[in-house]
Structures are given as structure tokens and as C-alpha cells.
Amino acid sequence: MSRAITPRRKAVNTALAWALGLLIFFPILWTVLTSFKTEATAIADPPVWFFFDWTTENYSVVQERSGYFRFFWNSVIISVGSTLLGLLIAIPAAWSMAFVPGKRTKDILMWMLSTKMLPAVGVLVPIYLIFRDTGLLDNVWGLVIVLTLINLPIIVWMLYTYFREIPGEILEAARMDGAGLRAEIVHVLTPMAVPGIASTMLLNIILAWNEAFWTLNLTAAKSAPLTAFIASYSSPEGLFYAKLSAASTMAIAPILIMGWFSQKQLVRGLTFGAVK
Amino acid sequence: MATAHSRTAARLMLAPATVLLLAWMLIPLCMTLYYSFRRYRLLTPERQGWVGFRNYENFLTNPAFRDAFVNTLILVVGVLIITIVLGILLAILLDQPMFGQGIVRILVIAPFFVMPTVSALVWKNMFLNPVNGLFAYAAKGMGLQPYDFLSQAPLASIVGIVAWQWLPFATLILLTAIQSLDSEQMEAAEMDGAGPLARFRFITLPHLSRAITVVVLIQTIFLLSIFAEILVTTNGGPGTASTNLTYLVYVESLLNYDVGEGSAGGVVAIILANIVAIFLMRAIGKNLDA
Amino acid sequence: MTTTMRALLGATALCAAGGIAAAQDKTTLTIATVNNGDMIRMQGMTDSFLEANPDIALEWVTLEENVLRQRVTTDIATGGGQYDVMTIGTYEVPIWAKQGWLVSLSDLPEEWDADDLLPAVAEGLTVDGELYAAPFYGESSMVMYRTDLMEEAGLEMPEEPTWEFIREAAAAMTDRDAEIYGICARGKAGWGENTAFLTAMANSFGAKWFDEDWNAQFDQQPWKDTLEFYVGMMNESGPPGASGNGFNENLALFQQGKCGMWIDATVAASFVTNPDDSVVADKVGFALAPDTGLGKRGNWLWAWSLGIPAGTDAEEAAKKFVAWATSKEYTEMVAEAEGWANVPPGTRTSLYENEEYAQVPFAEMTLRSIQSADPTNPTVDPVPYTGIQFVAIPEFQGIGTAVGQQFSAALAGTTSIDDALANAQALTVDEMEDAGYN
């Protein structure tokens, strides 16, 4: 905005925004703080804020008990794998809907979104039977397939809305220059589409990382991701706030850090066509 | 602009996504439909057979069904209202010049990255717990009786937790939209003597309508199937006070192990979700084309 | 469509399997277990087993109880075959064994000594003379109380208290300003949570789930007495949020010194007397579960056990593991590493004959509680079912959880006691009719 802003107004804005930001962030901050306390300090009354004996014991207990990295790698493979596979299928589809729209394009798009409304809990047993017969139970690639399919509608839609913002004249110009379909995609469209694809990818990795029904129910030991890791800490015996906090921090830290570092890219394309 | 050549190419490019989604929809749907007319209990699999509409009858006449239906609506609408209203206010605030804008934005979007199970566990144990939760300490600190959120106001607590998770998403979309607002228009309105409220009402809000529709659409899709938060915090209770349709289907198919009735419930949920979907798409299709 | 899809999925699976299956000549056992302290300890003790069996590798799936139960039940009922050893309880074993889903363990080696198992526990895991799961630890329920608070209240806990005494003592111990609540008991809905507690309690009030013709009995006076007593007592002297408290929540409260008395599983005794976790470790006394003089006490019987699903491809290795984990040697190993108070209790006669174990403060009361439980004859009046805190029929998980929701709502005060019982009666009648009992 070009309007002049009084320093006082800016100070008020800053104070207010920081207060709200910290308030929203507080549950996460508190979890991280608690993860460095002993179990006794974690439930101390009154609560202790920063001045306690910081300990990493909870992390070593959790690590020794569960072996974090096995779960971590499965989460990475599943979320990244399903995202890449999803993009591979969705980019051509979204491209064709955006640039060669037919009469039923909108219907197809809406229908795709409506498949996301299928309640997963109601179809677990049928899917479980299919997975049993195809040997996909407890297999990371089985999960990659399922997560690709459940997030595909969102990917297609996000890309479609983004591609549509790309002005058609540019394509016309490219065609006049005699560029073929492939050249058109590689040299003209791709560079313009990269921000949209990047943010679609990031959003989808987040969604896949946090998916907690299929990842828990179709896995056992080999392919269990971090959602299963958390399920073994959700109500253990006795005092557990500190260990729960440590396990929670370990489960959310990778995606949180990724999200923070890439937030510019994430936000840039995260419009779903909401901005004209 | 499209040639016949590119039309064919476009069809081919659209095909994989369509076929896969069709398969992903049809296979489970057909199996669910099949089981919904059969008696199939996981623990007594030997007694299988066709039962007509009995599973549907049982599911629909279950007193929990009506509660679940109402709770689902409350959950969706409640979270939508909270996230949109707070989202707009936050977006306007974040759009103002300030120090450390980037960091504030990072703080605000953080809840979106937290797994639903983790956020439910953290809220349940470390905040809402009436003995050891932070809110209980706060209440005691002020000389009040701790409030037992999850048994006295289970649904409202869940709405709160879910709204916390989705607020960042709404804020981000709305913020992007606000940033695209034409500042000259705003200035002109200000010169004409329009107060901040009038400017918000007649310029900002109409400008945001598309963004709001998008938030409504995307969030509704996810909110209709809220499950982990309920499972972790209240198990749908006390009674059926926080059971939504998804959770009720879960109870039938994976607690009672009644695949037949669970499937019937699944079909009912799909039908209801699609009614909502058609309704939404109508409204939104219009808004998105505009 | 289905065939294409299957072919497609199958092809992908093959590619994936080819990539992963490199160099695996060991037999890998996938063991599903619950995240209880004793099981977690077992995972840390497996070195000796792996040394003795270099051709076996172990993979653990540790999950919270409800998630675990849903996972293993889905898997075994659909023949998913993901697990080689499952941790299951006395409720599942008879039902699954009748379906032919479990491998018989009657041929475990001689030195494993099946005759040493406590009869009440072994009986619950035996179907038609064959043992179908090996008990890892067994539990009944009893009263755990704070000796110091009891003394302050000027009362003395009898070894065999009545419910009336418990209620009075609870009221006398309660000091809400100091956050001391006289009685902690389960209120969280679930057939393994509040329904288990209340069903066992109801037995001592002369109530039962079904009469001999499988008619639901929630409309009878004894159930009303039970629920009124329970809700009344919890409102007078229970902690806030009691309707959300299960075993773990109450354990945490007791360990923090916030409960005067806690009626729950006997295994909790070793946690509340462990000075590392409990601030009241040296002030805990034990008594049998209460009664009302009708001849039945409100204590249950449960054994977390290791079973092997039929159709596993590693039956021999699985048997070796099960025999190791439930052996006397394992008990001795834990005793050596962590002390006698931490060995898995409640499964073997020999443990209670061990003089060192007799030093453990809760050993005797645990044994007496287990011995006084009679799952084949659980109620005052005769009933057509077995099981104390559950009814050993497949439909019980569903009904038990739904009924538990009603009881939980009654405790939270969102439903009246009469309505909760009427709802429980109606839904039980519906389900039983649907299942074909009457």
C-alpha cells in the first residue's frame, strides 16, 4: 500500500499481529517446551515456562523405544512418492482442461472433487480385501497409490485454476511461430506453470504427511509412517505428557520446517483461482 | 483455438486421471453397495447372506443417526464460520505494514502443518484436561473451578480444535486475495469520505467473495470427514454428543465389526455428502465463473 | 475393471516387492502388541532370544489398545496375514479359537510347563481342551488406596471392603481445595474401559447383562442400583472430568497423589508403588474389590496373551517366540534386570510360590483377587454367558461400547440415569435381535 502510515499505527499493528500470531502458535510452542521437561515438571502446578532443567531424555527414550527414522523414511517416501505420482497424472489432465476446455470440463472437475467425499471408514474392509489379494498390505507402494488417489482431485483442481490464469495469447503466439505441442508445453507453459506446480506439490506433501486413517490401517511394521509412530504414544501408562510431547515434536518437526522454509512458494500458488 | 489434433491430445491427457479416479470411486463404491445389502459381520463371517434393506433400516432408525447428522452439520458450519470470520480479520491485519511480518506469518500458518492426531492429543491432554491441562491451571489461578471441556462441551471443543487447524488455510487464501485488492480504489473511496467499515463492506468483502467460496468448498470436503480428532478426544461421546456421520460409520464397521451396516452407513454418508456437494458446486460454480 | 485394476496393482506390488526382498533369508516375525509398560519392557529384553535364535528377526507393531484391537481384528477376520504374533485378551481368544483363526498352543515344549499356569487364567484361554494363547500377564482388579489419607480420615481399610464403606471413605478423604479426590474409577466409554468396570461392579450388586434366555436386563432394579451408586459416589468424591478417564488417566492421577482410592487392574500396583513414577509410592495399601454381601465381588479377570494367527508362514518361529516371552525364564530375566516388582504378574503359580516375589507388597492381594474371580460363574443369578467384565459373544464389543457411551453420558450428567439405562436396554435388545439371539 502506498498510503502513509503513522509510526504509531504501525506499532499497534505490530503488537496486535505478534500477540495473535503467538497465541495461535502457542500450542505448538508449549508442546516443544514440554518435550524438554521431565515428566514431573511437565505437570507441575503452577506450570513452568522457560526456567527448568532442560533435558533431552524424552527424546532418547522415544528413540530407543521406537526407532524414529524407520517411520520417518516411510513418511517421506509415502508423501513425496504419492505427490510426484499425483503430479504426473494430474498435470496433463489439468493442462487439457485449462487450455482445451470442453462442454463438460466443469462437470468432470466437480465430479473429481466429489470423490473426495467418500468416507474412508466405510470402505476400509473392501479396500483391505483388495489389498490382501494384491499383496499390497503393509507395502509403501500400496500407500503411495492410495494417497495419490485420495489427493488427486485436489491436485487437479489446484493446477487447473492455476493454469487457467496463464493467458491464452502466449500459446497462440507460440503456435504462430510454429511450435509443436511438445515445444509448447516444454518451452512456454512449463516456466509459467512452475510456481503453481511447486505450491501444489508442497500442499500435497503436507496433506499426505498428515493423513492418518489409511496410513494407520493398511500398514503393520515395514511400511508404518509417523502416524503409526504417534499411535503408540497416544495413551501409555502413567505420566506421559513429556514423552508424548517429544514424540509429537518428532512427528511434526520435519513437515513444519519444510513448510516454513518453503512458505513463499507454498503461498504463491495457493489461490485455487480465488484471485482475479 | 483448439484444433482437432489438440482435442484428441487433450482427451488422452485427461484420460489417466479420469480413469483412475473412476476406478477409485467405482470399485469401493460397488463393493460397499454390495456389502450394504448383505449380512456380513467380521466376527461371525459364516452367517452371510442377502438381507435386503435391513442394514439401511437399522442404520437410519438408529437414534444415533439423527444426532450424528446434526453434529456433522454443526461441525462443518461451526468451523467454517469461525475460520472465515477470524481468517478475514487476521488477513486484514497481516496486510497492514508492520515489523516482522514474515515471522508473524510463519507463526500463523504453523497449525496447518500439525497432524490431526497430534493436535487432538496435545489439545486433549495438555490444554483441555480438567486436572492437568493448562486451561485448568489458568482457571485455578483465577480462583475458578476448572471447566471440563470434553465432557461438558464436547462438540464445541472439537469445533475449536478443528478451527485452530484450519484457520491458517483460510487466512492464507484470504490474505492472497486481499493483497490483490486495488489500492487506488480504496484510496478513492477514502477520499469520498467512506469510513473503514463502509470500505470493508462495499469494497473488501465483495472482492473476497471468490476467496471465501474457495475456502468453503475445500474446507467442507475435509470437514465432512473429520474423524481422527473425534476418535482421539471424545470417542464420539459422552453418549453421542460428539458423534458425526463418519464416526458413526466407523463405530458400525470397525467397533461393531458389522461390515453390512457400516457399508449401508457409508452409502448414506456418500449420498448426503453428494447432496451437499451438488449444492455447493452450484453456488460455487457460479461464483467462480463470475 | 476389477481385473485390470488388480493386474495394475499387482504389477506395482511385484516391482515393489522385488526391490525390497533383497537378502532376507531370516524368518521375520511381525508382532502386534499393545503399548503397556510390560510389553514395552519385553521389546527391550529380546536380545537373549535373538542370540539363541539367530535365524529369527523381530518386527514390532506397538499401538494403543483400541487401535491395536481394531487392527488385529480386521486383519485376522479378513485373513490379511500381516502379523505372526498378536497380543490379545481373554475376550478374543475363545471367540477367535472357535472360528479356527488361532493356532493351538497345546504342543509348546514340556519345559514351558503349561500346568504351572494359574487355573483361572488358563481356563479363559482354553477352548475344547486346547490352549490357544499363552498368557503374558494376568490381572484382576482391586482397591488401591492411600494409607496416609485413610489414616487422616480416621478410618481403617478392611481386607474385604463393602461398597458402602468405599463410598463413605471416599467422601471422608476428598479435599477438593487440595485437589484430592476420594475415589478414582473408570468413566471413559468403551467396552474395555467403563463397561468393564461397571459390569464387574454390577455383578456384585446382583445385576447381570442377560437372563438365561438372552433377554437384556438393564431395565431391572440391580442395574439401577449399580448406576445410581456409581454416579452418586463419583459426583461426591470423584475427580473432575471423570467421564473421560480410563485406566491410563486414572493411573496418572493416582501417581500424582490426587486419588484417595482407585479401583482398577492389579497390574497397576507395580506402577503406583514405583518411586520413579509415583509420588505416593510408599503410601499405597491394597484391598480386595468391594462387594455388597451378595456373594460376588466387583473384581474382574483379564490376561493379555500372545496368540498366533492360523495361516502365518512362520508358525514354528512364532511358537518359539511365544514360549520364550511367557516362560519362567523370561520372568527371572526381568527380575534380575528390573527387580521382582516389575515382572509380568498373574500368570504362573510358581511366581507366587517364589519367596522373593512374596516380599512384593501387592503380590498376595493380586493372587487372592485373581483366585476369587470366576469367569464361568460370574453373577449372583445363573447366566448363559461366561466372562466377568465382558460377555464372551462376538457382538459384545459393539454393544459394550454403545452401552459404555450411555453410562459415560450419565456420569457426565448429560443424560439422566433412567434414560441412560433405557437407552442401553433398547440398543442391546435391538442388537441381540439383529444378531439372532432372540
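The letters A, B and C name the chains in turn, as written, and every chain counts its residues from 1.
The rule is short, and it goes like this: contacts are C-beta pairs under 8 Å (C-beta built on N, C-alpha and C of every residue); 3 or more make two chains touch, one makes a residue touch a chain.
Here's who's who by UniProt: A = L-arabinose transport system permease protein AraQ; B = Trehalose transport system permease protein SugA; C = Maltose-binding periplasmic proteins/domains.
Quick caveat, the model's predicted, so the values are computed rather than measured.
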item: Centroid-based (C-alpha) most distant chain relative to chain A; value: C
item: Pair of chains joined by the greatest number of C-beta pairs in contact; value: A-B
item: Centroid spacing, where centroids are CA-atom means, of chain A and chain C in whole angstrom; value: 37
item: Centre-to-centre distance between chain B and chain A (centres being mean Cα positions), rounded to whole Å; value: 15
item: Residues of chain C touching at least two other chains; value: 5, 74, 78, 252, 256
item: Shared interface positions of chain B, touching two or more other chains; value: 27, 42, 132, 254
item: For chain A, residues that touch 2 or more chains besides their own; value: 43, 124-125, 129-130, 231, 234
item: Footprint of chain A on chain C - complex, ascending; value: 5-6, 9-10, 12-13, 15-17, 20, 30, 32, 35-37, 40, 43-44, 59-65, 67, 71, 74-75, 78-83, 246-249, 251-252, 255-256, 271, 277-279
item: In the complex with chain B, residue positions of chain A that touch it; value: 1-3, 5, 9-10, 13-14, 16-18, 20-22, 24-25, 27-28, 30-31, 34, 43, 45-47, 89-90, 92-93, 95-97, 99-100, 102, 106, 108, 110, 112-127, 129-130, 149-150, 152-154, 156, 168, 171-172, 181, 206, 209-210, 212-213, 226-227, 230-231, 234, 241, 244-245, 248, 251-252, 255-256, 259-260, 263, 267, 270-276
item: Partner chain C, residues of chain B touching it in the complex; value: 23, 26-27, 41-47, 58, 63, 129-132, 136, 145-146, 148, 150-152, 234-241, 251-252, 254-258
item: In the complex with chain A, residue positions of chain B that touch it; value: 1-2, 5-7, 9-14, 16-18, 20-21, 24-25, 27-29, 31-32, 35, 42, 90, 93-101, 103-119, 121-123, 125-127, 132, 134, 137, 140-141, 164, 167-168, 172-173, 175-177, 180, 183, 187, 210-211, 213-215, 217-218, 221, 224-225, 227-228, 232, 245-247, 249-250, 253-254, 259, 262-263, 265-267, 269-270, 273-274, 276-277, 281, 285, 288
item: Touching residues on chain C, where the partner in the complex is chain B; value: 1-2, 4-5, 70, 73-74, 77-78, 95, 99, 179, 188-190, 239-241, 243-244, 252-253, 256, 258, 394-395, 397-399, 401-402, 405-406, 408-409, 411-412, 414-415, 420, 423, 430-431, 434-436
